[in-house]
Structures are given as structure tokens and as C-alpha cells.
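Dumping the structure here so I can ask a few things about it.
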Amino acid sequence: MAFTFNQDRELDIITIGRACIDLNANEYNRPMEETMTFTKYVGGSPANIAIGSSKLGLKAGFIGKIPKDQHGRFIQRYMNEKGVDTSNMVVDTDGRRAGLAFTEILSPSECSILMYRENVADLYLEPSEVNEDYIKKAKILLVSGTALALSPSREAVIKAISLAKKHDVKVIFELDYRPYTWHSQEETSIYYSLVAELSDVVIGTRDEYDVMENLASPGNNDETMKYLFAHGAELVVIKHGVAGSYAYEPNGTVHHGQAYKTNVLKTFGAGDSYASAFLYAIISGKDYETALKYGSASASIVVSKHSSSEAMPTVQEIEQFIRDRS
Amino acid sequence: MAFTFNQDRELDIITIGRACIDLNANEYNRPMEETMTFTKYVGGSPANIAIGSSKLGLKAGFIGKIPKDQHGRFIQRYMNEKGVDTSNMVVDTDGRRAGLAFTEILSPSECSILMYRENVADLYLEPSEVNEDYIKKAKILLVSGTALALSPSREAVIKAISLAKKHDVKVIFELDYRPYTWHSQEETSIYYSLVAELSDVVIGTRDEYDVMENLASPGNNDETMKYLFAHGAELVVIKHGVAGSYAYEPNGTVHHGQAYKTNVLKTFGAGDSYASAFLYAIISGKDYETALKYGSASASIVVSKHSSSEAMPTVQEIEQFIRDRS
Amino acid sequence: MAFTFNQDRELDIITIGRACIDLNANEYNRPMEETMTFTKYVGGSPANIAIGSSKLGLKAGFIGKIPKDQHGRFIQRYMNEKGVDTSNMVVDTDGRRAGLAFTEILSPSECSILMYRENVADLYLEPSEVNEDYIKKAKILLVSGTALALSPSREAVIKAISLAKKHDVKVIFELDYRPYTWHSQEETSIYYSLVAELSDVVIGTRDEYDVMENLASPGNNDETMKYLFAHGAELVVIKHGVAGSYAYEPNGTVHHGQAYKTNVLKTFGAGDSYASAFLYAIISGKDYETALKYGSASASIVVSKHSSSEAMPTVQEIEQFIRDRS
Amino acid sequence: MAFTFNQDRELDIITIGRACIDLNANEYNRPMEETMTFTKYVGGSPANIAIGSSKLGLKAGFIGKIPKDQHGRFIQRYMNEKGVDTSNMVVDTDGRRAGLAFTEILSPSECSILMYRENVADLYLEPSEVNEDYIKKAKILLVSGTALALSPSREAVIKAISLAKKHDVKVIFELDYRPYTWHSQEETSIYYSLVAELSDVVIGTRDEYDVMENLASPGNNDETMKYLFAHGAELVVIKHGVAGSYAYEPNGTVHHGQAYKTNVLKTFGAGDSYASAFLYAIISGKDYETALKYGSASASIVVSKHSSSEAMPTVQEIEQFIRDRS
């Protein structure tokens, strides 16, 4: 089956949540203590997905709060240059900063992030800064789980979902779970469940669904499906790392997409590039099998490169990559 | 029509939210500056409703957090004495206090409350302190809007609702709006809508529904009904003060209950006594017309007395009161 | 020796710090859970000392922040009626409340206080609200230790001391230690030392000096004297409960005052009434021996009565009390 | 005159306060939005002074709190490598981060810093983490004004000063004023005055003394001297930018040191390098005239280079620089 949505909209996708700064180690395969220089990129899952979608040719918009400083201006300028509509970006006026992610690449499989997330601008998006007229211009609204971690961003996102449902905008929930900021896994579970029950499409790793279900040990996909389809989901995507990803439909159909092997530089950015390409495919009317391939290919391309946002592939790159592996 | 629910449950009603201390002016009809002595009562809407319900013969339980101090012990002891099951009351261990309400009665129609709500124990109920086995023992779960004002109480209540729905416990939402603690009316509106959409019965004043709908000027009941019945409500009660109250059913039936005239001492406690008696009536299988009468009568009795909790009437008092005014 | 100070000043004493509400159990010799009514009084050590001083005939002023509510208006009105100059009282505009002290009198020797001190107005006195022209009108400035517990009250008090020293106003430090609000005894010790080193007179119980010196076990008065006189103190008063109190002079002279036996109702208010009468005596030019007697007599009178502020004695009562026990 | 101090100590200097991370723009003479890569250095005034002192041959120690992360480990390792004793560095265990300073060099005279100072580890140094046995090993203790900006670092520094005075360690107060973190200039003024009154040497720019004195318009050095010498200062250094710096003695002697012209890259690091070299000179027994020259030369060398810490000069470089300009 293919995904259906309101075709008659100006924007293909609006993402809501954080736009931050990644500071990627230029000297890698070593502890960050030994990295002396860093390159700056735009980061943050919903910003990356907007950038990735735009690069794939979608009309993408972004709702989020950025600082009134050099990092904020860089974020806005960069996203604009990549074609993202930033008309609904809000500039913080209380001296808050952009979130930072210093990346450490000890080895291709041992990556970690040193986060600066104290009092960051993105978590201070207010409900009053979410614009009904803007939301209703979109085919789909992509919500990032991290934006639910703290008030008032949490309420801004709940309001955006409520407006999306009112105006027949499909709600995509990218679980995007980051333990920092959340008080407890139980708190995360409460909001993830609440939002998942309201969403049309849910995308995440198996680990992230375990957090949503507040499980101590790994859950199984059948239980997750029973739960989400009972609340009206149309499509559920669960990613299992090297074992590939699955797309579930309410009618019981399951699609499996394999993961592509690649020359991994680091693991960051895989999820955002996956989501961008998967959503591009379903918005373009491709079937779910193809969408799974696009997602996997896009993720494989990004993990072989230095950045998350700057490395987002074009349609041609994705299709070439898939052809090369067929 | 009559209200239907799972009959086979040990407890008629569980209320969740705050149990506090009322300090009622002994010298009244004057500014509080001139009041020199105060009498202590248990207060807080969900505590009052549990007490009121118990006094009417229902088996009532209470979920909430009380301080580890003399006020906390008084609350627990008093509610126990009134027959409320306090087995799921939680004692705070972080030095927080009970909320306080000093009442000022300038005249029967000019009452105000001086609140102490900073860092109060009740708002620190944790989701992990809400017990699934307890929730599923109840016919109905009554949720107080004020308990949604702050984390982690907010999440504890959302969890309780989710458990209630899982176990076929009817969810009653008493809007109980108090502006303090909330950051903005828009924030209140977001959570009130979220919870109202999940509730089987919603009870409040017209003013409170206006807050739920984030309206700047008074809304109308028809719009409210359209909204709530679209989300699955079974019964909506809207109170209009001296103009009486209305119970709406999804099939379009509207019941009107008149307000009884009485010798008003103060306005406090009207809502809690209304809810107790209304719920008593519907749980006892009485029709909605009768339930509206019970609610109004109970409210009239309480506003003519000094306290809210201690003054909660018995069934005999309510029925006598109604007979006297027929 | 007698205490010397600048005679040519309009006000005898200004106290700085908290003015709160005491809610004293009307039913006592029982746990507070069983107390049903409370009587309201003005409380808080520096407010009590201002009231006590005024009642003794001194011209007293008070610097502190009160809430913009009924309790705040009661405090201001009451202090005014007792003759205290409240022209430099500041009204909070951020919705903060008055501190509350519910007293529990289990028995005359087992008294405890249930405090409400979260976000109270008095601790939000700003340095900019301390007026140089006012400070310089006084003979002495009495500083309460509790006002050092939190910013910005802490800085307001440090500024007041600095202005007092600039204008030759004697600084009296009443240690008035209350563990709540302080983060640690070490933090208390740091500020108590800092202020004691700047003070002309220090008054406290032996326990309070132990906190100032951050001692784990009781210290001795000789060490305390060595320390304080090295920093310029003129007089140090140490209270030892039933063993009486001592006044130390830098020249080595020690005065001992006995404690008077009395019919104790509760222990509250002893320190404030002691300080009022002791300071009254030294400001009136009486010798230290006499001042110690006045302090003890005043304390004995207050502990036999229900309140702290309202029970403050007159000079006649104190002198009669002393005569009766001679 | 020359500066006198207790010669018989293991460490020449201990600095107390922050050790942070500088991220210096690699591409400069442009807005930071256009800078894409940054080089990482240790930063923070007291850390820089410890590093600078050590490089000049002094035995230097550092007291401060660093994060338990890659940045913290880098700071400790780097300072160790530069010869600074880090035995009394404390590692934060509450997940706090290092402060960050992204430098923007628009032009040599238009430099600005984008600070990350939310909840940083250095401001959480506890009084209990300041070690009496360590303090008493030093000839001088250098206190950075910024460490007074917030509790508990504020109290840790006050405790360190108190211990220094107890053990005859000279206290040097480097005003090091940074407006962020402070609530108001009046608050800064209160703590700066308190600490300056306790210090043996005070060093700062004229602007910083204006903050200390809470002046709205520029103050004059004579008034500042009158104030500080009345409280026991031995030496006061006031820097006037290109107009050079002045060292004042209590006996009225004034020494003037000129500023050296240099090829300025950026203005950062001037104060720290000045302090390091000035203190090196007076600890080495050089006269004040010479110390002023050393300070100015060191500052001129650092502002011509990319970093603050890494660029700290050796004695040979300073002396060569002075000879070249004589």
C-alpha cells in the first residue's frame, strides 16, 4: 500500500523541535581529549530531517526556537540556504543558547556525544509561537520526541499535533529518544505513549519503542503493533540496526528492508537521514518496500561521511547507491 | 438515561490530586487582616470529593501525596475517620509542606482565598507512586484539573488515566481550575483538552470550559458539546451558578437542574459538594435529572456552613433539603 | 563599662530581616494534629525585637519585605500600632507570601515549629531597597542571622552593615540560627563569621556560636572571645539557657546574668524578648550587669505567655519582675 | 618598595576559580557565523594565570571544579603538562559541563565571546572542597572575581580567603569582572567590596573598579585608593588600557607602567597574561616598576597570538620583548 495524505498543500513537510550545533572532531579515531579542532555543522534531528528532505526536493519548513547569537544566525542562514522555509523559526530573547553536540569518534563503532543542553533555546518554544495558519499548509508534520522532554517545548509540540489533526495534516512521530533532559524513563514513556496514540506514523528503533512502552527488557514488535494500531496508527516503522528495518501496516502486512553495508566513519546522523529519505519516498508516492530501501541507503551514505546535515544525500546519490548494491 | 460502569469493583470512586489544609476565618464578614483566629479543616477538591462521597455511603479511595509533618498526619487521620481508603496516600520525604488556603469572608458573596502553594507535597506525586492494582479496583476515577498544573503530579495523573482506560474504569474530569501554579491559560488549555478528550464525564463551570477551550470571551455550550462528544465523552456537566446546571448527553438530550436558594455563608466548597452528590447519584443508578438535584442541594448545604470538608452532607440531609424545596 | 554609641540619632534601633506570621496553637499540651484552632500573631525575630524595643520605649524602625496580601497588611498595621517605624518596609510585587510558623506545644519543654519558608517575601529584600539615608538615622542596626540565609536578602543585609559602618551606626548581630533554608552548616558558618567579624556586638546561644565556628562538638567561650575580639567586637553575649547568660568585654571582664525561674508555657520568643530588653538597657545607658538582668527577665515573662510579639513586656513589667525575684 | 610575603612555602601561587574551554575561531576577521572551525584551548582567568605563572617558572597550584567528561580530562591533563599542581582540582559528579567561550574576532579591536555558562562545573566548587592544608602551602592565593558570581563557588572562595588570612598567605584579588551570571551590578559591588577589603593586593581595570564601587560614571583612582588603603590593602594595580597601568602603595607612591604597542590579533587573554607576569615579578623580588613592565610585555605578547593559555610567554620572551622596545 502507499501512504495517503492531503495532496493540496503548499509544504510537503514541517518538522518541529530542535536546531542545534554539531561540533565534529576533525581528528578522530581517538578520545576527544586529543582532538584539538572541531568543525561546526547544523545539527538536531528535526533540523536535519528538514534539511535532508529539502535536499531531496521536498518543500520543507521548520518550527523551532534559536538563540539570538552567532550560532542562531548560522543555523537560520544555513537552513535557508538549503531551501528550508524558516519563516516560523522563532528567535529567543532571553539569552538562551543553542544546544551543542561535540562528537567523539573513538572508532567507527564507538562514537559518543558530549552534549550541552542546559537551558537551551529549542526547549523554550512556547505554544503561542506555534502558528495554526502555518501548520495547516503542510502535508505532514514531523514531531521529534526530544522536543517533548521539557516545558514549554512539550506543550508547543502537543499544540502543534492538535492543530495538525484539526487540519488533516498527517502526524509523523520520530521517537528520537535522548536520555538527557528527561527526568525518568517513566516520564518519557508517558509522553511518548500520549503522542504515539495521536500519530499516524511512528518511526524509531526497537530500543526507542522499549522506552515508549517503559519496558525493562526488549519488547516485541507484535505487542507494539497491537498497541499502536488500536489507537489508529497507519504505519509503524521499527529499525533493528544491522538487521534492517520493518514497516508494519494495520492490515497485518509487514515489509522488511535490509541494512546496506558501508564504510562507516561514525554512527551519528543515521536516523535523521533514514527518516528524510523514507518520508521523501512515501510523500512521492513510492511503495513502502521502496521507502525502506531509500531510508537504509540514505543512512548508509551519511554514516560514511563527517557530518549529519551537510552529508544529507540527493535523490540521485540514493538511487545510485541502491543500484550499486542491487 | 443512566450512567453505566463496571459494577463489579471493590471501590466506587478513587479521586486523585491534592489534599490540603483549609484555615477558615473564625471572625468573618471583615477583611482577613482583622481575623485573629482560624479553624483548621482538610481541604482540596479531590480530598473533599472523597470525603463527601464517603459520607454519602460510597466506598471512596484517594491517591495523593501528603507531607511528613503534623498537617500531613492530620489529613490522613481525618480522611480515614471519614471512611476514605488512604492505603494509596504517599508520604513525601523531601520536606515539602501541605498546601494552605486561608479563607477570607468579606461578605457571603465576596470570598477570597490566600493560598500557599509553593513547592507543596501534592504536586510531587510521582507516576511511579500510582499503582495499577489500585486503579483497577475502582468503578470510577475522578481527576482534578489542578493536579495537572505541574510535573510530576501532571504525569502521575496522565498515567492514572491511562491505567483507568486500560482497566475499564470510567474517567471523570472535574475541571477544578485554579490559576495559581499554571504558567498561562494556554498551557492549562493544552492539558485540559488532552485530558477532556480522554474522559468519559467532564464536570465544570462555564468559566472553566472557557479556560479549557482557551477562549477570551465566554464560549457556548453547543460548541463545547460538539468538541467533547467528537472525542467520546458520555456525559458533560456545565454549571452556570445561580442559573443552575446542565447535563448533556451525546444523543442530544439536555437536562437542566435549578440552583437552590439558601442562606449563603461563603462560596467555598460548592463545587466539591456538588460533584460528590452528583457522582453518588449516578453511581447509585439514579437518573441524570435526580443527580443534578442532588448536586445542587449538596452545594447549597455546604455554602451555608463554615467548612468544606466537615460540612459535607449525608444522603438524608440532601433528600430532606430537596423535599423542603419541592 | 557601658556601651557607647552615637547619641545624636533620630532612631534608637533599626532591625533588618523577616516579619512573618505566627499561628499559635490554641489547644496545647498535645500534638498539633489535635489542635483545631490557631491564633495569628506577628512573628520573626527582627520584627519581634523591633516591637519589643518599641514597647520598652525605644524609637524603633524595621527594614524588611512583606507580601502584598492580607498577612502583609496585618504585619504592617500591627507593627505600626506598636510604634515601630515601617516607612522602610517594602511590599513584594511578585506574589510571594509571608513566612508562617505553626507552633506545637506538646509540653512546656517540648515545643516545635512547623515552618512555611518556601519562597517567602522576606528573603527577597533587594540591596537596592536598603536606604542609606535611613540607616544613618540610627544609633544601632540589629541584623538577624536568618536574613543571611538566601540571596538577595543576604546581600541586602551585607549592604546595610556596610552602610552602618560608614555612618558610625553600631552593628548588633543576633545569630538567630534556623537550620531551614541554609544549604549546610558550613555555608552558615562562612556568612556568620563574615558578619560577626564586622559587628560591634554579637548575641547568641552557645549552640549558635558553635554553628558560627562550624564546630562538631560544643566550643568554649574563651576561644570564641579570642576570635571575635581579634576582629574588633566590643561586646559578646553568650546565652547558656538555664545556666544564665554571659557578657564579655575585650578587656577581659566577664559579666554573668542568671536565668529566672518562671511558669513556662512554651519556649518560643525567649531570644527576641531577651534581645529587646538587653538592648533597651544598654541604649538607656545601664551597665552590662543590669542589661543581663533585663534580658533574662524579659525572656522569662514571654515564655510564660501565649505569643512572642504580643507578650513583649513593658519596662514596668520587667522591673517589677526583677524586684519580685530579688 | 618590594612586595613581602612568607618565603617559606612550597607553592608560589595558588589560583582559585574556573578552568574552562576556549574555542577560538580558526577563520577570523569575520563574523563567527562564517567561522567553520575552532581550535580548543584551556581557558578561564585563574586557570590561565596558573598556567602562565608555571610557564614563568613559579610553582603554581589550582583549586577548581572540572566536569567528569572529555573536556574536564583535557583541562586537567593540559594544566598538568604545563607544570600546574592539580592535586586539589575536584571532579564534578553531577553531570555539569565545562564553561565554553567561542571567540569571535571581527577585527583586532572588535572581539567578542559567545559564552556557555549555564550550570557550569566551576561554579559548583563547594566550601568543603577547599583544603586548609593546601592553602597554607602557598605564598599567595589569587582569587578571581568571577568565582564570586554564584553559590556555592562564592562561599568556597570566601572560605579560601579566610584560610589564607589565618595562615599568612597573601590574598591577591583579580577583579576579572564578567557581567554574565551576576544578577546585578549592585550584587557584584557588594561581594567585590567585601573581598577587596580582605585582600592584600587588588588588580583590575578602571572599569572593573567602577563596578566594585557601583559607580554609574567612571570613578577616580584617588577615591579608590582612599577606600582600599583604609581597609589594609598593600598594593593596588589599576589598568587603563593603552594609557598603561598604575601601581599604588599605601604610602602614596604611584608607579606608572606604559602599554607596549604590538601587532594585535585579538584582545582576549591580556589580563591573565598581565597578572601572571606581574605576580611572577613581585614574587621574584623585583620592584614594582619592573613588575609593571613585565605585566605589560606579557599582555602584548599574548594579544598578538591565537590563544590565551597556549600563548603564555616565558621569562626569556618577556625580557627580550622589553629589551626590543627599550
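Here the chain labels run A, B, C and D in written order, and each chain numbers its own residues starting at 1.
In this text, contacts are C-beta pairs under 8 Å (C-beta built on N, C-alpha and C of every residue); 3 or more make two chains touch, one makes a residue touch a chain.
Just so it is clear, the structure is predicted and the values come from calculations on it, not from any experiment.
Undergrad: With centres defined as the mean C-alpha position, give me the subunit A-subunit D separation in Å.
TA: 44
Undergrad: I'd like the Å distance between the centres of subunit A and subunit B, where a centre is the mean of that chain's Cα atoms.
TA: Their C-alpha centroids are separated by 41 Å.
Undergrad: Quick one: report the Å distance separating subunit A from subunit C, using the average Cα coordinate of each chain.
TA: Each chain's C-alpha centroid was found; their separation is 60 Å.
Undergrad: Using the touch definition from the top, which residues of subunit A touch two or more other chains?
TA: None at all.
Undergrad: In graph terms, nodes being chains and edges touches, is this line, ring, star, complete or other?
TA: Topology of touching chains reads as a ring, each chain with two neighbours.
Undergrad: Can you identify all of the chain pairs that touch?
TA: Touch list across chains, by label: A-B, A-D, B-C, C-D.
Undergrad: If we count contacts the way the header does, which residues on subunit D are in touch with subunit C in the complex?
TA: Residues 127-128, 151-152, 155, 158-159, 162, 183-184, 186-187, 190-191, 193-194.
Undergrad: State the interface residues of subunit A toward subunit D in the complex, per the touch definition above.
TA: Interface residues on the subunit A side: 23, 26, 31-33, 35-40, 69-71, 73-74, 77, 97, 100, 102, 104, 114, 116, 118-119.
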